[in-house]
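Each in structure tokens, the structures are laid out below.
First subunit A sits with subunit B, and in the next complex the same chain sits with subunit C.
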Partner chain A sequence: MTAAERRAVRVAFAIAARRTLADPGGLVVSGVFYLIVVSALSAVWRVAADANGGALVGYSAAALTWYIATSESVTISLNIRMIGDLGEDIGSGVVAVELLRPASVLWIRVASELGRAAARLVVIGPAGVGVAALTVGRPPSWPAVALAVPAMALALTANVIAQHAFAASAFWLRNATTAWFLYQKLVFVLGGMLIPLEVFPGWLEAVARALPFQAMAYAPARIAAGHAEPLLLVGQMAWIAGLALAARAVFRMGERRLQVVGG
Partner chain B sequence: MRALLATARGAALEAAADRRALASQALAMAVNDGVWIVFWVLFFDRAGDLRGWDLDGIILLQAVLTTSGGIALGLVANARRIGTLIVDGGLDPVLALPASPLGLLLLRRIEPVNLGDFAFGVTLFAVAGHPTPSRTLLFGAVVAASATLLTGFLVLTGSLAFFAGRGESGELGFHAMVLLGSYPVDVFAGTAKVLAYTVVPAAFVSTVPARVIMDFDSGQALLLLTAASTVALAAAAVFRAGLRRYTSGAVWTRA
Partner chain C sequence: MAIEVRALTKTFTTGRRRTRRTVEAVRGISFSVEPGERLAYIGPNGAGKSTSIKILTGILHPTSGDATVLGIVPWEQRKRLAARIGTLFGQRSLLWAELSSRQSYRMLAAIYGLSRDEERARVGELGELLDAADLMDQPVRTLSLGQRMRCELAAFLLHRPEVLFLDEPTIGLDLLAKQRFRELLVRINEEQGTTVFLTSHDVADIEHVAERAIVINHGTVIHDAPVAAMRRTLLATKLIEVGLDDHAPIEVPALPGVTVVERTDLALRLVVDTTTTSVRTVLDALLTGTTTTDISVVDPPLEQVIAEIYERPAS
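Then we have the complex of A and B:
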């Protein structure tokens, strides 16, 4: 990536973040939606922990609340229809115009989505801390919370890049709706957004741990739940590198195809 | 009445025009709903009982929620979009027609994706809801009440756009209702529980209907019927009141 491209990526990030912050209505909707999800889902897990002697698969009721507050914050901060929107732009040929710019379509789009997500997280993150603190008190471990912050940034990055890799299927299928549905469910369940991976039966837990989706919700959530495990961050970074290579390869193949077809 | 029927027929024909798209979108939504069942299976496998709710109860709750959601979001799809339609001036076309504007609005659009919810809910009840003749009758009745309440609530919150000038209230109402309705209300405590029975009456969309099927109680059934009628009547009244303030969608009128 040249210096000019790096600057274009930084500018795309900043513009997207500013635009998102300039729409308080959208932020309020995201924030209220987040609060409802966290209140409802964490209540379910707290009841389950209380019914099982105060802890479930090694998580206390308080830890489960912080887990859900974190896993939901890094998921709801993202544009829920990112894959569908990107697929539509690819399928309709809109993306062909972006190919004329002297910067990578993939990284400009990734930067824009990350800018939007970062701006939403500025609102949703404190809301999550507030609702968790009000419900169950302070987090299980302050050092773990400090470690969870970079893990959340890495989770957003891994998720956005992976969504672009999935959406690139539209270069061939002209529609990414099915990929969107499939992807979303993989993050919800195998990514640990709804449910800590330790709750799964052994074989399913092993499968979930071997997939990249756990880097997008489980990793920061487990850390925020009091497990300051730096290896989770290392795993996230490794997945980001792998996903970035995959997304770049798929986009390059797709862009060549789009130019041949004519958009 | 004839205009309403013709509108509903037109919406059905439009939705069925592309059968492959209809089937694939409905199937995708059914898979989406299935993931929630997977979640609850995994959950109960580890957690056991949830304040009196077991997997059978939750399956019934999900069957009611997805079936009534399929009606409110699929068959009368504009219920969810009323706020946006008001803000964008989308009511103009129905105001010129000789029938109830709200009726026309609700019947003029079918959302194929959410028909998958309807199919999923009915199938879930048939396969895992232990259907007997009496339970099936009760299922039909409580789904009708639940769908009426959900539709009414969406219209009510969407109609607030007449007064607030923004359409987000409808979307918020939708999310709040569906999210709170996805869990048995007994897991909530204090304010959240009160809210689920009053301001966001999600308890009457899933928990109470499921309870009526599991263990019929005339008091609960009457409460459900009263809640559904009240919300539906309130929605119609607020929409009518708001319509008097509607100033068309021509953009220059809002300058």
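Then we have the complex of A and C:
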């Protein structure tokens, strides 16, 4: 990437973040939805933990609340229509026009989505801390909370890049609806957004740990739940590198296809 | 040369297996465009115009042939070329709908490597030129089509492109906006020596902007000449408009190749096929046989010229 392209990526991030913060209505809607989901899900997990003698697969009822508050915050902060929007833009020729600019279509789009998500997280994150603190008191470990902050940023990054890799299927299929449906379920379940991976049967837990989706919700949530494990961050960074290479390769193939068969 | 095209071909394959067929969108096109030229690249729907523009801007690979724009092979160095050209597709926005135009310019300036100072100066300059300064802070989605087009133009010209590719740029604009747009294109071309490569179905765009026209149909070049000469050299017909004295008897010359297209008490309009009968012969006959108040001989409208070119069979 050239210096101009890097600057363009930074500007795309900053403009998207500023634009999101300038839309209080959208932030309020996301925030309210987040609070409802976190309140309901954490209540379910607390009941389950209490019924199991106060803890579940090593997580206390309080830790599970912090887990859900974190996993939901990094998921709800993202644009839910990201894959659909990108798929539509590929199918309708918008991406072909973006190819007319001397910049990477992929990284400008990733930066915009990350800017948008980061701005939402700035609002939703403190709301999560508030709801968890009010419900179960202070977090299980302050050093873990400090480590969870970069883990949340990495989770957003991994998720946005992975969504672009999935959405690139629209270069061939002209529609990314199936990819979006599949992707969402994978993050919800195998990513640990709804359920800590330790709850799964051994084989499924092993599968989930081997996939990138755990870097998008499980990793920051487990850390915020009191497990200050730096290796989780290392894993996230490795997945981001891998996903970035995959997204770039798929986009290049897709762009090449667009250039050969037309858009 | 600003643009050099040699034997350019693009073939698309459509359908699957049994229904598979090959379509030759562009078939061995060759032409060149001098720096600073204003060229209209025209043809009926499906002639291969947009395909050619996509190849020349690097977003489509040709099946065979060569092309350079500003000495760059577009499909090999798309990004390098993109920094030096401007492309405007009438139905595709260069701006981000949810941003204000000014925010979009900020993004585009970063993409094109303009410093903040250069960006501010250029946006100010274009705001004045396009009378768009007041519109630049509104979200793009709230602008009318004419207003948006002015803001689009600023985005299009922000990085001082050396070649402008315009595909149906005036589509949907009102008469006044179209006129302003054409004047602006000519002004930019004259003041900055920018090459203009224009595709349009609007004959007025061609007439008012282009100096030369290349007509393509069925993927091949069927005509390449100065616009001013198109009417004169292409059509062997002339239109003669005659003003008449009220209720005077009209003697329509009974000459081969002369057709009456309109006849009222006060006017007569004739089309003359000059390959059969000369204009002078018709005028002599009119002046001796009719009490005329006025006579004018005009070329047929450019629209008619172009329609006749389109109807020519592919070679």
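Observations on the model:
Here is the rule we go by: the second predicted complex is superposed on the first by the 263 of 263 C-alpha atoms of A that agree within 3 Å, B and C clash if a C-alpha of one lies under 4 Å from a C-alpha of the other, contacts with A are read in each partner's own complex, and residues count from 1 in each chain.
Here, a contact is a pair of C-beta atoms (placed from the backbone, for glycine too) under 8 Å apart; a residue touches a chain by one contact, two chains touch by 3 or more.
Every value quoted in this text rests on a predicted model; they were computed, and no experiment measured them.
Taken together in the superposed arrangement on subunit A, subunit B and subunit C fit without clashing.
In the superposed model, A:258 makes contact with subunit C only, not with subunit B. Contacts of A:129 after superposition on the shared chain: neither subunit B nor subunit C is touched.
In the superposition on chain A, contact is made by A:97 with subunit C only, not with subunit B.
Using the contact criterion defined above for the overlaid structures, shared-chain residue A:246 touches neither subunit B nor subunit C, since it reaches no partner. Of the two partner chains placed by superposition, A:228 touches none, neither subunit B nor subunit C. Applying the stated contact rule after C-alpha superposition, one finds that A:153 touches neither subunit B nor subunit C. When both complexes are overlaid on chain A, the residue A:55 reaches neither subunit B nor subunit C. Across the overlaid complexes, the C-alpha centre of subunit A sees subunit B and subunit C at an angle of 90°, to the nearest 10.
Figure legend note: subunit B and subunit C, brought together by superposition on chain A, show a least Cα distance of 10 Å. Shared contact residues on subunit A (touching subunit B in one structure, subunit C in the other): none found. Residues of subunit A that touch subunit C in their complex: 2-5, 7-8, 10-12, 15, 19, 93-94, 96-97, 99-103, 108, 258-263.
Those residues of subunit B whose C-beta lies close enough to touch subunit A in the complex are 24-25, 28, 31-32, 35, 38-39, 42-43, 45-51, 166, 168, 171-172, 175-176, 179-180, 182-183, 187-189, 192. If you check the complex, the residues on subunit A that touch subunit B are 25-26, 28-29, 32-33, 36-37, 39-41, 43-44, 47-48, 51-52, 56-57, 177-178, 181, 184-185, 188-189, 194-195, 199-201, 204. Taken in their complex, subunit C has these residues touching subunit A: 12-13, 51, 54, 57-61, 75, 78-80, 82-83, 87, 89, 92, 94, 98-99, 103, 106-108, 110-113.
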